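Presented sequentially are two complexes of subunit A, the first with subunit B as partner and the second with subunit C.
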Partner chain A sequence: MDSALVCQDISLLRRGWEGSQRAVLKNVSAVFKAGQVAIISGPTGAGKSTLLHILAGLLRPSQGQVLADNRPVSRWNTAHRDRWRRKVGIVFQHPRLLNELTVLENVILPIIPRVSSIARLRQRGYEALESLGISHLAGQPGFALSGGEQQRVSIARAIVSQPEILIADEPTAHQDETGAAAIIHRLTEWKRPNTITIIAAHDARLRRHSDFADRQFELRCGGLKELQ
Partner chain B sequence: MIWHPLLIAVLVGDLLSLLLLLAAAKTAFKIAIEWAPHSAASRQIRLERAAETGALTTRFALAAFFVASLVLIVAITNVLPAVIPGAMCGTGVLQATDGLGGRALFYRFLVLGIIYIWLILEKLNILRPDRPLTQRNARVLLLVLPFHLLAVSTTMQAVFRIDTHQPVDCCAVVYDQFRNLAVAQQTAGIPNTLWLWIFWTLTILLVFSGLQAWRAKPPGRVKAAGWMALLALLWVPAAAVVLIKVFSAYYYQVLHHHCPWCLFLSDHKFVGIPLFFTLAVVVLEGPTSFITAKIAVTYPQFVQTATRRSQIAGLRILLATIAFIGMVALPAIFWRLQFGVWIR
Partner chain C sequence: MKFRSSYPFLAWAVRDSIRQPLEALLLFLSLASLAAVLGTVLLLSQTLSHTAQRLLKDAPALVIRRVGAGGWAPMPVQESVRLAKSVAGVIGARTRIWGTVNGPGGPVTVFGIDQPLERAGLPDNILLPSPGQAILGPGVMADAKTGVIKLSGTNSLVVQVAAVLDSRTSMVAHDLVLLHPNDARQILGIAPGYARDLAVDVFYDNEAEALLPDLASAYPWPVLLITRREAAGIYSAGLARRSGLAYMTLVPALLALAFIVVGAYKNQSARRYEVGLYKAFGWTTADIFRLQLLKALFSGIPAVVCGLILAYGLVLWPGVSWPGYLLLGWKQYPPLLYLDVSGALLVLLEIALLLFLPYLAAALWPAIKAATTDPQDFLAKEFI
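Showing the complex of A and B:
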């Protein structure tokens, strides 16, 4: 059976300033299958990033569950959830690079506990940077990069561990045409039979590539709807 | 009451552990009545998060209580005897608490024992993402609370009862027990030589049952581990009696000084610490072996890990028994070889 990431009736409540509870997500259900790329679009503040964080195991929903291969990963305790999260690569909306480290060091961070040889670590880091056309930045410190370059480094950091689930939040947001094309090309290459890719996108360039996304969803007022 | 730094540390540690345990018990109570593992409702999800926090809180409570208990034992055995007039060891200190000290220690060991079982179950529980032992563990935690309250309140009463202006008759408490030689040579109406036979018989049975339990496979393991747990719980009082009434003489090198606390003094190279530690290992690991063997049968998902833990418990009992026998028998054998007689 192909692996799948399933949202089952997920709701997330947030407490407002006045103490009342506001539903950020309301009974969201969806199935994300391996080998497919799903794009989630929607207006600002609709809850796209929140949904991605729940899918990646960074947030626990107030109700409902995320099932990975029929196992309720969103309800697991910290130790088990952390272990499962090693299979997930995340591209955040803001790159969140560590400024004290070089680009290469930032990229290899997720695989340090899993790869024993330093030479192999560096090689994997270079390969990830190379695939996005930014290997020349390897020795630069994180703070010296532009917003678009930082975003591409964060994508390299997400794919370096060859995750089974790739979750990307606005990966082309700060890119010019060339950068966006490189990222779309890389994400298209990433489409593999055993990989689930979920992308939150505002950017019309991503949605225009009809051959890129297998399924498109729209998140509006906390509810998720699949577009035909 | 004396404001000794160690006693203040004990009271602070006790109150801290009590507060932490009360916080964890609130969650445990909810888990005991509301836990619904198959539901994905918001109440259950909140409870699952609270369960994780509660388990962490209980670990901190256990750590605080354990450290406070260690500090209390050090204070009783090696610090307070110098402060209380007439006290030469823990016996004098406990006498100064009007018997409350002994009761407090009993409750403390009981609490540590129950929380140890909780810890063993929790360590198994977190190995599985679905945490099948959560509700059972919550009940164990709720069982601890009344004893913890008793332990803390009795310890406080005992500490407040200490009067450094009132002298105690330390050794008189030990020697006053004997009206004549016959009384000195028996415990609970049973002659000490018979206690010795009981001890050796139970030791052989314990070792034999330990080997049986090691070899047995589930579900037969439950019975074997049950026997071992029962024998361990019978062996410990017998071992304590023969240690105090028979073997301690070879450390003290005087006749009929039946005091458990003097073994903790530097004069006797703090030998009481390893001796009573081995007894604690046997009394804790006995029930652990049985409970984990039972868990392996009741919850098939734990069959490997729980069986392994049960085997480790058996091994620890075996090693602790051997260490105890070595520590009590070797001085006696050396004495016999040196002087040609036993002390009795």
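Showing the complex of A and C:
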């Protein structure tokens, strides 16, 4: 059976400044299957990032659940979800690099506890950077990079562990045409039979690549709708 | 919680420890200095206690001193020895000629020595002093040009320095001037055929106190009898007073430690965002705990070891004088102190309890708290 990530009737309530509760997500249901790339679009503030964080196990929904291979991940305790999160690669909307570290060190962060030799660590880090055309930046500190370069480094960091689930939040933000094309190309390559790829995209350049995305969703006012 | 130790993980812990080099250096210096201060005080106290015990172990079981209205009085040598040996249980008695006089650099203890028995504990290669000669302890200063020393007690005397004892000889030899008995008597104002006190050896050490009434009644004049246990008590009281003064330096040291611990706690708390990031990338609570533990050990162990080596050198390295001067008020060349394995281990344990465990707890506690929490709490800025 192919693996899948399933949202079952997910809602998320947030308390506003004035004390009232506001639904960020309302009864969101979707099935993300392995081997497919899903793009979730929607206006700013629609809840795309929040949904991605719930799917990545960083955030618990107020209602509903997330199933990974029929297991209720969102209901697990912290320790179990930590272990499951090893299967997830995440690209944040903001790159979130650690500035005192070099680019290579930032990239290998997710796999340090799991790789048994420094040579192998370096090799995997360089491979991830190479795939995005930025291996020449390996020795530079994170703060010395442009916004676009930082975003590409954060994508390399997400794919270095060869995750089963790749979740990317606006991966082409801050990119020029060339950079965006490189990222789309890399994500297309990443489309594998056993990998679930979910991308939040405000950027029209991503949505234009209909051959790249297998399924497109639109998130509007907290509700998710699949586009045909 | 499973602990795997892989080389990349260890290397990463080292790398992460020095990510902020200035902060890491300051932490190292602070911990090393604190370990040195705490170690010096604790080692000094421990070594003084151990050295005193060691000295008293070699001391006579009993000391008999003649007393009069004005304090101690000289004892006739032959009669004193005969009377002591007349008491059942006494197996040996020897008179001692000693006293405190002024030397060129301050008070010194002169000791008249002419019997092989009294040479116990002194190096074999040193000959007994002839009349007009002196053998000096390592803390006694003589005139370097002329090689003579002037001693002033009841009478003054200038003697030629025949030898200087090695600094490793013994703590008791530190301010000692060994003289021919006749010279010692002259300086101390003791008449020929008389001595300062009598050292008595008994058959069973633990029966020494039982012999006190017999010994007291054996002498026709009032005597003061001091057993080894009483001498130990006098030494201990003196050491406790001095050590108490030294322990006062621990107060600012412990305040500084509290400051470091609070700093380490705040530093770790400030890095909770990073812990959240690590967890978002698939690090488990065990991974984060292991990383923080290794980082704390990498920062703490070398610093504490360096501090302890420094403390050890300050207390036990021959010739280093200022810790004794500052903490105990020693004005002269410091004596050689002794430390046994159990004493050294005790100091290590005290340092671990006082310094290392609070530091480790402060470094680990916020990280553990953060690591057992969902990453969402630390990455809140990401959520829109």
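Keep this in mind: the second predicted complex is superposed on the first by the 228 of 228 C-alpha atoms of A that agree within 3 Å, B and C clash if a C-alpha of one lies under 4 Å from a C-alpha of the other, contacts with A are read in each partner's own complex, and residues count from 1 in each chain.
Operating definition for what follows: a contact is a pair of C-beta atoms (placed from the backbone, for glycine too) under 8 Å apart; a residue touches a chain by one contact, two chains touch by 3 or more.
Remember, predicted model here, so these are calculated numbers, not experimental data.
Contact with subunit C, but none with subunit B, is seen for A:117 once the two complexes are overlaid on the shared chain. Of the two partner chains placed by the overlay, only subunit B lies in contact with A:72; subunit C stays clear of it.
When the two complexes are overlaid on their common chain A, residue A:104 makes contact with neither subunit B nor subunit C.
By the touch criterion defined above, A:92 lies against subunit C but remains apart from subunit B after alignment on the C-alpha atoms of chain A.
In the superposition on chain A, A:60 makes contact with both subunit B and subunit C. In the superposition on chain A, contact of A:49 is made with subunit C only, not with subunit B. When the two complexes are overlaid on their common chain A, residue A:40 makes contact with neither subunit B nor subunit C.
By the touch criterion defined above, A:219 lies against neither subunit B nor subunit C after alignment on the C-alpha atoms of chain A. Ranked by how many residues of subunit A each touches, subunit B and subunit C are led by C. Taken together, the two complexes place residues 60, 78-79 of subunit A in contact with subunit B and also with subunit C. Per the touch definition, subunit B reaches subunit A in the complex via residues 40-42, 45-46, 48-49, 52, 126, 129-131. Across the interface of their complex, subunit B is touched by residues 8-9, 11, 13, 60-65, 71-73, 75-80 of subunit A. Every residue of subunit A that touches subunit C in the complex is listed here, in rising order: 44-45, 49-50, 53, 56, 58-60, 78-79, 81-83, 85-88, 90, 92-94, 96, 98, 100-101, 105, 109-110, 112-113, 115-118, 121, 157, 161. By the touch criterion given at the top, residues 4, 6-9, 11-12, 15, 19-20, 274, 277-285, 287, 290, 372-376, 379, 382-384 of subunit C touch subunit A in their complex.
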